[in-house]
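You will see chain A twice below: alongside chain B first, and alongside chain C after that.
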Partner chain A sequence: MADLKIQELGKTYPGGVTAVSDVNIDIADGEFIVLVGPSGCGKSTILRMIAGLETITTGELQIEGRRVNNLEPGERDIAMVFQNYALYPHMSVRKNMEYGLKNEGLPKAQIAERIAEASRTLRLEDYLDRKPRQLSGGQRQRVAMGRAIVRDPKVFLFDEPLSNLDAKLRTQLRAELKALHNRLGATFIYVTHDQVEAMSLADRIVIMNHGVVEQIGTPMDLYLRPASRFVADFIGTPAMNMFEGKLSADGGSVLVDGGHTFGLNTPVNGSAGTQVVIGIRPEHLHRGDGHDIRLPLTVGFVEQLGADTVVHGTLNGGSEALSVRFSGVQMPETGSIIELGCAAENLHMFDVVTGRRLG
Partner chain B sequence: MVENRPVLTFVTHAVLITGVVFLCFPVWMAVVASTHGPEALSQAPIPLWFGDRAWENYSQLLAGGLPEAGGVPIGRMMFNSLIMALVITFGKIAISIISAYAIVYFRFPFRMGFFWMIFITLMLPVEVRILPTFDVVTKLGMLNSYYGLTIPLIASATATFLFRQFFLTIPDELVEAARIDRAGPIRFFLDILLPMSRTNIAALFIILFIFGWNQYLWPLLVTTDEGLYTVVMGIQRMVNSGEALPVWHYIMGTAVLAMIPPVFVVIAMQKLFVKGLVESEK
Partner chain C sequence: MQKRVVFRSRLLPYLLVLPQIAITVIFFWPSYQAIESSFFIEDAFGFSREWVALDNYTELFDDPGYLKSFRTTLIFGVSVAFLAMSISLGLAVAANRVVKAATGYRTLLIWPYAVAPALAGVIWYFLMNPSLGIVSYWLKGVGVDWNHYLNGDQALLLVIVAAAWKQVSYNFLFFLAGLQSIPKSMLEAAAIDRAGPVRRFWTIVFPLLTPTTFFLLVVNLVYAFFDTFALIHATTEGGPVDATSVLVFRVYNTGFIGQDYGSSAAQSVILMGLVIAMTFVQFRYVERKVQY
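The block that comes next holds the complex of A and B.
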């Protein structure tokens, strides 16, 4: 268990490609941090730099106050779980978990004790003498976690550990992971491209795009106050409705290209005519005409999800796409018009050029 | 392509049986001939069933030493062949697996250059480089020794290439997991790479053992001492025994004996080989 300090971390490959630049994250002891972003955003590179599998080109990495930039992975006191499990195929489950401890030179009795405890935690006792190929995907991933747990590291690193599993198993293992974190109280750093995993697991999320950090915050920070258009778009399904428009002279409303006007709760600073993006989450739209902001939806197609109904269509029959999420089963006719509205405080506004949040 | 027609079944079996007969007939003849006396084999028709001199022929071969083969007992020649085949096999596997490990897992200057140098030697089999190799062996004073018999045949581009291709299929994550588990390069090689390669090693062992066992030209060149003759050379010497008639019953007996070790290796290794194939999963 330990805190991590990541300062101005950067990675440039010999060919001149910059994978990651200027990353600053302070991770507290026992925190569950999730790095999330689309593929190629550099999240795995950061994790691999923390692990020591990738060299650090610029910046500094400290684990528990100690600079570890130039330490071998084995010397950093970390453990890592890989997407494809990376179990040693010729070793039994027990041997897989033992291997790192043996290399550390731990006494036999202590090794046996740790393995017994880890296999109890992960319900692997019956499989200790099996080979990885005799196990299912979920069991293999549990063995990989067991291999990490027995080492009792300061930091646990997870590189998309659930991506190779089917949806049901993923949900189950997600819960187990969260429980494991609570039990161990260790620092977890977890990489995923799945926003549901990020939202449900993280104490804090680091959301990345094109090798830079877009926002660091709790899941609710990211959901309620996304710092940029990218974050707003990435977090939440279905994705946030976005409308480009121009700020009015008094900064109190926005005229969308389709001819629709959004009144703002609190005026923002900015010269008249500034190009902005208005965002509204589909679940913040409600039926009725008594709202601050009113949006008529022309129904295109309907997704029935059982608990929810997602209706996709266009704003007032124009070219702007608009979707809404109702709870429960609803069956609107294609082509019909639904009067929708939302509270002004649920509006998000971003600068078109920089993508940063306004107001 | 799964059809169930009696005529086709008959035809396929007929073809297969014919093939088996063609393959096995010479072996059968060798076994049969080694149980007859010299007279039975020098007249037509030659016998197709066992004679009564098996015991005599084989005890003479194994113990006595034949003047036709330079007086060296077959046992001695078999031993020489075995030493040569085993040293070549183990040497080839050891050297090629280590060089493949270096080429795949370590970054050093001219890495690809070295790989291509090894690869290009695939085009130079023993026969092509036999004169310069002989020259080197002579100058090193290795004629008439087990060193001269084995060392020049140990380098193997084929095996290096095979191991390289296999190592490239091992996922990087496994190497990374080992690094996190504090396994250094030697640990990783011994604990992970070597056990994972056992299928390939078994397959190579079969091929290389037979290659080493069947060497004829090279031992013929570097050995003049009869105590170092190999069994394959022995057979050839018996056939070309100058004025006298070839002693076919002894020649065939030697051939049968010479077949035993390779057959044994194939049978023993095949189990491991197939087991490895079934089990291997990365």
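The block that comes next holds the complex of A and C.
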């Protein structure tokens, strides 16, 4: 159980490829941090640098106030769960869990005690003498977690631990993982490319793109006030509707390239004609014409998801794509026009060049 | 339900199994000949032979020379296998860590395999020759009086080293492939589990290499027992005083030098039995028992 301080962390490979640069994260004791982003964004590299499996080329990493940049992985008092579990195939489940403890030189009685406790928590008691290949994917995953738990480390690291499992098992293990975090109260750092996993697990999310941090915040921060166009697009399904347009002279409205005008709730500073991006989440659009902002949707195709209906189409029959999410079953006809609108407070605006949030 | 294929032509199926039949005949005919001759005593020119049943065999096991050769072969085989495998494992572990010019390095390590056995023998013969060999000269420098013409133990050591050197490349290839098939994340997990490099090797890497090691053990023993004739013939010719006369060499010596075809055939049959036994062990255990 410990806090982490990541300062100006960077990784440049020999040959000049920069995987990660200028990462600053303060992680509190007992926090559940999720690093999320598309593949190749550097999230795993950060995790591996924390673990000590990858050297740190710039910046500093502190665990519990101690600089650990140059410590061996085994000396950092961390445990890691790998995507492919990395169980030792020639050892039984019990041996797999014992391995780290034996290396630490823990007394036998204490080892047995810890394994008994962990296997009870993870419901692995019946499998202790089995080899990994005799276990199902979900069981292997639990063994991998058990191997981490018995170590009683300061920090738990997870590298996409659920991505090799099927959807149903993933949901189940997600809940178990969250419960585990609550029970252990330890610091968790979790890497995933799945935004749903990130949203449901994290206390705070670190969202990354191209080796830099786009935003750090609670799931709701990211959802309600995305700091950049990238974050807005990455968080939420279906993805946020985006329209490029020009700011009007008084800063009070935006003329979308397709010819539609959006009135803004609060005028923004900026010269007339500045290119901006307008974003509206599909679930923030509602039927009717009494809203601050009005958007006619020409229906293209309809996704029936049971609880929800997602309608995809175009803005006013133009070239801009527009999606809306209705709750319940709806059956709009292709080609028909639905009058939609949303509250001005649900409008997001981003700089077209930098992608940063405006207003 | 097994699917049955019906050929349209009656000839085609026979044609298809013909290569297999040919191979079977080519392999089995000499073996049969060896077994047959082992029950006869034949004169040196092949004019006459006499049925002696198992006399050739019983004579062999009463012959202290033959029993000594058995012992020599065992020492030779085990030493060659151990030496060749441990050196190549070390080299493979080292090569696996090399990042720069890895291919070039690996290619160089494979070269000795391309050297013909007799040639390998000659190379070592010259290196170790007591009067003009460079290595024996160095040895003299450090106080070792090397003369494998007179010292039987030194002669045995010479053929062991030469035979092992020849086999290192082959083992190296398999060990390297085995090392590369171990997932990196497993070693990383062990590193996080506080295992140092040496402990990681003995508790994770080496056990995971067991199938490779066992396969190579059988291959190396078979090599040492049966494939080293040319090498021994080129270096020590079985001497001094049979010190390096392993079983295969003795087969040749008895048959072609001593012209005792019956006894030579009986020795061949015993060797054949050994090969069959070892192959059997390999198939049975490599496939089933030695895994994780």
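Here, the second predicted complex is superposed on the first by the 359 of 359 C-alpha atoms of A that agree within 3 Å, B and C clash if a C-alpha of one lies under 4 Å from a C-alpha of the other, contacts with A are read in each partner's own complex, and residues count from 1 in each chain.
The criterion applied here is as follows: a residue touches a chain if its C-beta (ideal position, glycine included) is under 8 Å from a C-beta of that chain, and two chains touch if they have at least 3 such contacts.
This is a predicted model, so every value here is computed, not measured.
K.L.:
Overlaying the two complexes on chain A, which is it for chain B and chain C: clash or fit?
P.N.:
Because the two structures are overlaid on the shared chain, the partners are seen to clash.
K.L.:
Touch check for A:K168: first (chain B), second (chain C), both, or neither?
P.N.:
In the superposition, A:K168 contacts neither chain B nor chain C.
K.L.:
Report for A:Y99: first if it touches chain B alone, second if chain C alone, otherwise both or neither.
P.N.:
Touch status of A:Y99: both partners.
K.L.:
With both complexes superposed on chain A, which partner does A:A86 reach: first (chain B), second (chain C), both or neither?
P.N.:
A:A86 sits against chain B and chain C alike.
K.L.:
Common interface residues of chain A with chain B and chain C?
P.N.:
In the superposed arrangement, which is not itself an observed complex, chain A uses residues 51-53, 72-75, 78-80, 82-84, 86-90, 99-100, 103-104, 131, 133, 147, 151 for both chain B and chain C.
K.L.:
Which residues of chain A touch chain C in their complex?
P.N.:
Interface residues on the chain A side: 51-53, 72-75, 78-80, 82-84, 86-90, 99-100, 103-104, 131, 133, 147, 151.
K.L.:
What part of chain A is in contact with chain B in the complex they form?
P.N.:
Spelled out, the residues of chain A in touch with chain B are 51-53, 72-75, 78-80, 82-84, 86-90, 99-100, 103-104, 131-133, 147, 151.
K.L.:
Under the definition above, what is the set of chain C residues touching chain A in their complex?
P.N.:
My answer: residues 183, 185-186, 188-196, 199, 203-204, 207-208, 210, 292.
K.L.:
Show me the residue ranges of chain B that touch chain A in the complex, using the header's touch definition.
P.N.:
For this pair, the touching residues of chain B are 171, 173-174, 176-183, 187, 191-192, 195-196, 279-282.
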